[in-house]
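Both complexes below contain subunit A, partnered by subunit B and then by subunit C.
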Partner chain A sequence: MPKPPPGLSERDFQAALRALEGVVGREWLFATDEDVLLYRDGYSPLWGEAEERFASAAVAPSSVEQVQGIVKIANQYSLPLYPISTGRNLTYGGAAPAYSGSVVVDLKRMNRILDVSARDKTCLVEPGVSYFDLYRHLRTNKIPLWIDTADPGWGGLMGNALDRGGGYTDIEFRDHFDAHCGMEVVLPTGEVVRTGMGASPQAKTWQLFKYGLGPWVDGIFSQSNFGIVTKMGFWLMEEPEAALQVSVTVPKRRDVVPLVDTLHSLMCAHTVPSQVTVASPVMAGNNPELVRLRGSGGASDADWDRFAAGAGGAPFWAAQFVYYGSSKVIAAQWEHTKDRLSSIAGVGFRETASYTFPLSDEQAEAVADKARYGIPSLNLFGSRTAPGAPPLEGHMDFSPMIPPHGEALIALSDYTGKVYADQGFPPSFVAGMMFHPRTMICFHAVPTFRNAADNARTRKLFETLVRGCAERGWPIYRIHPVFHKLGMEMFSAGDGSLHRLHETLKDAIDPNGIVSPGRYDIWPRRLRGTRA
Partner chain B sequence: MCRPLRGGCMVDRRSFITSTIAFATAVAVGNEAEGRSGASTPADAAPAPTEPAIALVDLSLGGSAAFAAAARERGLDTLQYRGDVAAVWMRELEPRLRSGPIAIAGYTSAATWFCLDLLARDFGARTVRRSDETEAVSFVISQSPGRRAALAPAAVRAQWSAQHA
Partner chain C sequence: MRLIGLGLVLIAGAAAAQEAPFPIAAWSRTKAAVETEGSATERGAAVFNNWCSACHSRGPQNAPGTTSLQAKYQGSVPAALEDRRDLTPDLVKFFVRNGVAMMAPLRKTEVSDADLEALAAYLTRSRQ
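Take a look at the complex of A and B:
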């Protein structure tokens, strides 16, 4: 049987579990070893070690009232809770709690799509609604709206948005937290709060105007532990008439500077609407010379350009993006884009796919880059492993954020290339991804394993990357729960004033410290200083 | 016959195809003798449930045609796709798991099995058999009585309380 949370006696733990059963019903309380293992982090960098994070039990409520009942019991017993929506972001900890011994509050039973308005282009959902669910609902009911999906698309809208994840379509929708409008939260005291216009009982604009009146509090419920969010509204993209996917290539290493500057200018002008990925075909792979250059941490542009010339003349950088809208407007946008980029010697332009909408089911299945068209997919898993290779190993996302400047992309890839090499890892892929309007994220995959020795090396690599990038002005925007303390240490301005503000809020909102202790290093007073 | 789940073994293709389909069919018809393939796992020790079985085949993989043919020969409803299982999951597998119980006999990439194994858990289903081959894995995912209740209720519905309309 799973052990009780630290500080709670077995007797009180069992009493708490019986009380939780009384709220949700016996079949929705999961307290056997077999059940609890379902919430294990399959990609844990602490796999099999004493410090690996485990739930002590899980409970699956079906209503806001049941969530309130759970919270009441948690307060009574000082029982730590860890709410999850679908718990499927494996690169950021999955369903495993930040504080070992927590009771997972599995919100998947709360999976109603409460409202979709084709006219207003909005929806209101519960935490268990996945991208699959909403996509299927829109398709089945022929509602001409798109979701903006994470990739892979098996996760939940709310979970991804609350951890500030992103997608690939128009800027208004692909910053998933920014695309939300209004939420309902069960506070740790059990009180229910609706934010924005939802706080006005008769308002017809809960999913239309974000701010309501007075302080806008929604942000404190993202990447935090100040409550259990039970409803969120989102703005949805109107299905366009057409789309055109394109690729722009440049031949030399330093060309990325004017490439990114121009694309960013076009994005700010809403000429290029989609997420833009700038990747290097030249810096991909395991060619020994490539590995040497990446590991050197400072090879010159000339060295790199010579390598590229010898590698079959592949372009050094390739940018991928999509236009959405009427065919006439798309054509004009693409022509203008080419005009703006034509000053880069050797620039190449290619149209890689075009579509008119709506797509039939067969056409949608045949789309290669589904996330850019609001189609959830599981293809990303297959692209990561060789045919037949069991995906038993995993990875964490290391996600430093840089200005939208090509020279920063070069500098960061030089730095991380050397770190990977110094610590005996093959180099990670290099890509700058513009999910947000004014930054670029350079995702790196940091492998995780099922043995302690390799995971010790992985943790050292990850810590080096987090610290080193922060020192250079590139802190992360999101991080695995095992590293929440480390991540937040990089946000130490004012002698840690932000952290103290978080603790002040925590003490006021969650006096008994029951919701997700330790998440983003926010600890309740009773556990402050605890190692998770 | 391959051992289920606790370690794959290499057998000839015909044997593992037919054994996987046979296992899934046995699970479907509740034939305990055929369903227990000789290995001892908790899944095999439990009484085999009575569930309809479907086959899931990734046609982009070598050997898939033979698996699909064997499944159809056994009378299994056979779902086919190429590469990305997401559409089949949304359109066929998830609704059937939601209304349950069913068993899924699959011939897919290891990555797809990994995804389905996780996704199916929300419907009280588990992998009860898995065999590795060069290009694919074959497996049976089963919803059995007595396992954990399915988290997803009978229907995902769009509704809005009249007072908020």
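Take a look at the complex of A and C:
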């Protein structure tokens, strides 16, 4: 049988489980080893080790009232809870709790699409609604709205937004937390709060105006443990008339500076609407000289350009992005983009895909970069399957944020490549992804394994990257729960005053410390110092 | 860019439509609700469409699981699970509840035990 949470007797734990069963029914309380293991993080960097994070049980409510009932019992027994929505936050912890012994509150059964307004271009959903679910609803009902999906479509709108994930379409929608409008939260006391205009009982604008009246509190429910969010509104993108996907290439390594500066300027001017990925076709591959350069920690531009010249003449950098709108406007935006970039010697422009909407089912199926058009899939996993090679067992996303500057992309690539090489890993190569309007994220998929020896190496690599990048001004924006403490240590200004504020809020909002202890290193008073 | 030939997709879609008891919406590869009526095999097809096909449809486009199994078995067994004739109910249940490699297990709030029985019946229908 699973172990009870630390500090809770077996007798009280069993009493708490019986009470939870009374709320949700026998079918939806999971307390056997076999069932609880379904909540294990398959990508855990602590797989099979004593410190791996395990749930003690899971409970799956179907309504807000049942969530309130669970919270009431948790307060009675000081039972730590760990709410998940679809439980697919893989690479950032999956369905496993941050604190071993927590009871997972699996909200997947709360999967209703409560409202979609074609006129207002909004929706209101429950936690278990996946990107697949909402996309299917819009297609089935021929509602001309797009979702903005995370890479794996089995994730959920709410969970991804609350962990501040992102997608690929227009700037108004691809920062998923920023695209939300109004939420309903069961507080750790059991009280239900609606934020923004939702707090005004007769308001017609809950999903239309974010702020309501008074302090805007929505932000404290993201990357935190201050409540269980049970409803969330989102703004949706009106289906455009057309889209044009393009590639801009530049030949030399240092060309990335004017390339990124110009694309950032165009993004800020709303000429380039989509996420922009700036990658290096030259730096990808396993050529021994290439691997040596990537791990050198500072090969010169001349060294790199010499290598590129001898490697078949591929452009050093390629930027991909998409225009959405009327065909005439897109043509003008593309022409303006080319004008702005034409001063870079050797710049190349290519149209890689174009669509007019709506797409037929077959056309949508054939779209290559589906997420750029709000089409959910699991195709991302395909990119990790090399024919003939054993599949990866898992990975964690290492996601440092840098300014939208080519120099920073080069400096980060030099630094991280050498860290990988020094620690015996294949040196990384870097893409800069402009999800947000003023930064680039440089994702690394740091591999995880199903054995302790390899995971010890990967944890050392991960910690070195987190610390080293933060010291250079590139802290992460999101991190796996095993490293929440490390991540928050990178935000230590004022002798950790931000973290102290988080825990001051925790004590006020969750006096018994029942919701997600340890998530983003926010601990309730009764467990402070545990930091398990 | 991974441009996909539309013709190949239509061919794969046609093959699926001939065999599957329910028409599969090509745009999502999923069905909204698992059917509660019909035979276990029919319900299993709905479970497959809803939970498995986004990775394990006949593909190879939009089917990373099928691609992975092709890489693993090199054609010694069919890469698409719906074409396998050697699966057993216990094997299907094992992988759904344990996952493998990058595939995380599916919880009972996603695929219930009853759904899993139906799925196992569907993927082993050639043995029945």
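Note that in this section the second predicted complex is superposed on the first by the 524 of 532 C-alpha atoms of A that agree within 3 Å, B and C clash if a C-alpha of one lies under 4 Å from a C-alpha of the other, contacts with A are read in each partner's own complex, and residues count from 1 in each chain.
Keep in mind that, in the parts below, contacts are C-beta pairs under 8 Å (C-beta built on N, C-alpha and C of every residue); 3 or more make two chains touch, one makes a residue touch a chain.
Remember, it's a predicted structure, so these values are computed and weren't measured experimentally.
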| item | value |
| --- | --- |
| Overlay on subunit A: subunit C relative to subunit B, clash or fit | clash |
| Subunit B or subunit C, by number of subunit A residues touched | C |
| Which of subunit B and subunit C A:Leu124 touches, first, second, both or neither | first |
| Which of subunit B and subunit C A:Gln363 touches, first, second, both or neither | second |
| Subunit B versus subunit C as contact partner of A:Ile113, first or second or both or neither | first |
| Which of subunit B and subunit C A:Leu378 touches, first, second, both or neither | both |
| Subunit B versus subunit C as contact partner of A:Met434, first or second or both or neither | neither |
| Contact residues of subunit A, present in both the subunit B and the subunit C interface | 28, 30, 35, 38, 42, 60, 88, 106, 108-109, 128, 132-133, 135-137, 153-154, 361, 364-365, 370, 376-379, 381-382, 384-385, 387-389, 391 |
| Complex interface listing, subunit B residues touching subunit A | 61, 81, 83-87, 89-91, 94, 109-112, 114-115, 118-119, 121-122, 132-137, 148-149, 151-153, 156-160, 164 |
| Partner subunit C, residues of subunit A touching it in the complex | 28, 30, 34-35, 37-40, 42-43, 58, 60, 87-88, 90, 94-95, 106, 108-109, 128, 132-133, 135-137, 139-140, 153-154, 247, 320, 352-353, 359, 361-370, 375-389, 391-394 |
| Complex interface listing, subunit C residues touching subunit A | 1-6, 9-10, 13, 25-28, 30, 32, 54-55, 61-65, 67-68, 70-72, 97, 99, 101-110 |
| Touching residues on subunit A, where the partner in the complex is subunit B | 27-28, 30, 35, 38, 42, 60, 62, 88, 106, 108-109, 111-116, 124, 128-129, 132-133, 135-137, 141, 152-154, 361, 364-365, 370, 376-379, 381-382, 384-385, 387-391 |
